[in-house]
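This structure is in structure tokens; I'll ask about it shortly.
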Amino acid sequence: MTGAGTIDLNCDLGEGYGPWRMGEDDALLDIVTSANIACGFHAGDPAIMRRTVKSAAERAISIGAHVSYPDLQGFGRRHVERSVEELSADVLYQLGALDALAIAAGSRVAYVKPHGALYNEMAVDPDLARTVVTAVLSYRDDLPLLCMPGSATEEVARSTGLPFYSEGFADRAYDAQGRLVARRLPGAVLTDPAEVSSRAVRMAAGGTVRTTDGAELSLHIDTLCVHGDTPGSVELARAVRRSLEEAGLQMRSFING
Amino acid sequence: MTGAGTIDLNCDLGEGYGPWRMGEDDALLDIVTSANIACGFHAGDPAIMRRTVKSAAERAISIGAHVSYPDLQGFGRRHVERSVEELSADVLYQLGALDALAIAAGSRVAYVKPHGALYNEMAVDPDLARTVVTAVLSYRDDLPLLCMPGSATEEVARSTGLPFYSEGFADRAYDAQGRLVARRLPGAVLTDPAEVSSRAVRMAAGGTVRTTDGAELSLHIDTLCVHGDTPGSVELARAVRRSLEEAGLQMRSFING
Amino acid sequence: MTGAGTIDLNCDLGEGYGPWRMGEDDALLDIVTSANIACGFHAGDPAIMRRTVKSAAERAISIGAHVSYPDLQGFGRRHVERSVEELSADVLYQLGALDALAIAAGSRVAYVKPHGALYNEMAVDPDLARTVVTAVLSYRDDLPLLCMPGSATEEVARSTGLPFYSEGFADRAYDAQGRLVARRLPGAVLTDPAEVSSRAVRMAAGGTVRTTDGAELSLHIDTLCVHGDTPGSVELARAVRRSLEEAGLQMRSFING
Amino acid sequence: MTGAGTIDLNCDLGEGYGPWRMGEDDALLDIVTSANIACGFHAGDPAIMRRTVKSAAERAISIGAHVSYPDLQGFGRRHVERSVEELSADVLYQLGALDALAIAAGSRVAYVKPHGALYNEMAVDPDLARTVVTAVLSYRDDLPLLCMPGSATEEVARSTGLPFYSEGFADRAYDAQGRLVARRLPGAVLTDPAEVSSRAVRMAAGGTVRTTDGAELSLHIDTLCVHGDTPGSVELARAVRRSLEEAGLQMRSFING
């Protein structure tokens, strides 16, 4: 767990494929402390993974395996029917592939963050969460999993002894139960840098978030997720980092916290 | 290197994809001592890899990473243009993916055998061989490589200190220089069980092979490659194993030799 | 619609991919009168499609576009989330691809038969059926669609004026409502050649099927579906054809009926 | 052939895949008169093809099938070993797929332009050119092919009666023989809008190009290729179009010329 006074910033990186690119990886590498790196199933071919891993390793940024359902065309945002055996094999395959590239770059995969539909479905489906947790445990039983606090993912990870870290979204509205408001609803995504930065500081330093009903909800957060794939998102991430530093927080990977 | 009196049999396994199967894996698992397992680039999806790794681990058969150019439709038999960086990343990706599945099954990848076009091209191209050898070294510097004796692959592996083991083909004709006769030429592939078995014993016990010009060529062999994907090939593999045992050879993975 | 005294036999063909094969295409081509040819989304690469189309054209067998969700690894048996625009584009893409190969072989696509999960989901989902029907209409408005009688597919096709033909399964149990009994239930799949053949004749000549509750249900059938991908299935298909011929039925594509 | 006083501008469009985009399609659709639309083999999934075809059809821009080797990861820039049968099937598959989407949009594929490695290899390899030309002929024998003047593609197309149109590159240096100077050589790619525009006008109106040795080479051009995937390329394309119009040339698809 991060100590008081430190905070981690994580973001999705290496989400190109073949000739295509997504997001501003170079700018983000100067902002974040943890990199969720695509493993080839929703994005990221081996050459892109290799470059991204090297860039992260050179900057001492933590390398996270951003594992996904096999769905390149849908960018891992769609549900894909997988048996327990298939999903388990998919997770191990991606985890090992990225870890080998990390080892070759003098580093290791430091954590696992599920991507897209898998992330969202695990968060509410203990059986699905168990399949992923069990797969990770069977590879390296000290490899932390990253997801939302209060998710089925957290519950299952903690019950098995797999380290768990929780992430918050400073640019997303939370409802009274501490769940994210669905993207399609008005007000779900915040874009004002001042507001997002102020929420980030409150989450990182105070461990609270203001919910849509105006209450101040207690929320333990080890890392804040920032984005780089929409216009203005890099500037927003930069503003968030600046505000956190000005508030006296030390930027540091949750792994080393 | 295998001690006197022992011999290894290796074959390609797990070469299905999705709903498709290739070769008689179940029969072969009772015959061989080393399994070259497809890693998803020419064949083998994660679920098939997982099953094959488990079957091999249960029988204490050595697990080999059968790494390939990315070419599912061409089964890895075609040249694919890859830069040094791309090929290096491809090898590490496949190696790590299979190793994670092996670790989850309580085992490890025990060796690397390149597949198809990559195998053939490395054997005569030291630069290509160096790319693959360097990639393997950067992951695990004690991980043996399997290829033909006298190949560029052997030369480069030995010069870098990567363990190397050499394989022979009892069912293929060798020319005076100890090279395989091209498949398309008459007499290149032998199918008579008695002849193939007798060649296998001579290679395994005596370290020689009769070449197409009738000479007896000295050839150090750590493992013999058998096949299971053509009619009669399993019977041939079984006959070879029986002959080797009857000649007093002990069947044993070259890794543990 | 087929005239009295004629019946069509259709089966799935060309379901290999790259180096892999599925089913006994050569044997089936001598038995059936209509070929459902995979279009690359669940099986069938362009070279396999080309060969299968040529074989069908040479024998004057009707060529059907066996369109599927994009799901090679799952063989089109899984649901894939597609928007109306995406599914419409998928259907047109596959339809045009096969039609071009048919045209090059001196023939044309003669009908469309959805595959796997798409077939099953359309049968009970009028919106999904409408998307596929509308896509087919926008390409060629006289191109027949093949599905189960009483399905949403039939209803939507008939309401739009797209020709519709209905298929029956002599080797599957029907419930009292004329629906197929789910495969996983006991007795769902019939394998006795005598029983299957007798059901085939009754369906083709009499337009009835005996349901699981022992009743004789009236069922209009234009074509019977036979299989070639499980042990004994080719023999079963051959037995069915022989029985139909012995019962005086003329084997003829429903398209030309 | 274009009449005197008219010129066509063609460019590559629809080169995204799944979540990824390439080039500024919207801007280019207001500049060009012919759209080379990716068919899924180097870029372009069915949904992207559908949208691009509709946008082109609405603007009465000619739709070209931008057929490629199957090479999504390499963007069709790499050689892929294909037998005559395989390449022929690949071309027909892509051609038919795009044509079906065009028909559904109330249009038709108006021409074929090979992409990347296939384009370059056909231009110097008559056997390869013959395979593609024969495939196109077997689908629609009046479907024009687009390539460089003086190429093997032109020679083979003309010898078979397939309509052929020749394209020029105003932003590329030509050597004394009228061949493009390789991209990697200095001066191969021109970026000064004034120079490129002036060359465009000379090619379109005068039928000549200034070669690297300073000579004025006669070069019959039906269409000029412009790009939209590098910084400044859309502005360059716009400048070229403006200069052509100011020189009194009428912008018009070569198909209708």
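Think of it as A, B, C and D in the order they're written, each chain with its own count starting at 1.
Basically, contacts are C-beta pairs under 8 Å (C-beta built on N, C-alpha and C of every residue); 3 or more make two chains touch, one makes a residue touch a chain.
Bear in mind that the values here come from a model prediction, so they are computed numbers and not experimental data.
Distances between chain centres, each the mean of the C-alpha atoms, put C farthest from subunit A. Here C-D and A-C were compared by C-beta pairs in contact; the pair with more is C-D.
Rounded to a whole number, the gap between the C-alpha centres of subunit A and subunit C is 45 angstrom. The geometric centre of subunit C is 40 Å away from that of subunit D, both derived from CA atoms. Residues of subunit C in contact with at least two other chains: 45, 73-74. Within the complex, the subunit B residues that touch subunit A are 40, 45-47, 49-51, 83, 85-86, 88-90, 92-101, 103-104, 135, 138-139. Across the interface of their complex, subunit A is touched by residues 16-22, 43, 45, 72-75 of subunit D.
Taken together, the subunit B residues at the contact with subunit D in this complex read 70, 73-74, 78-81.
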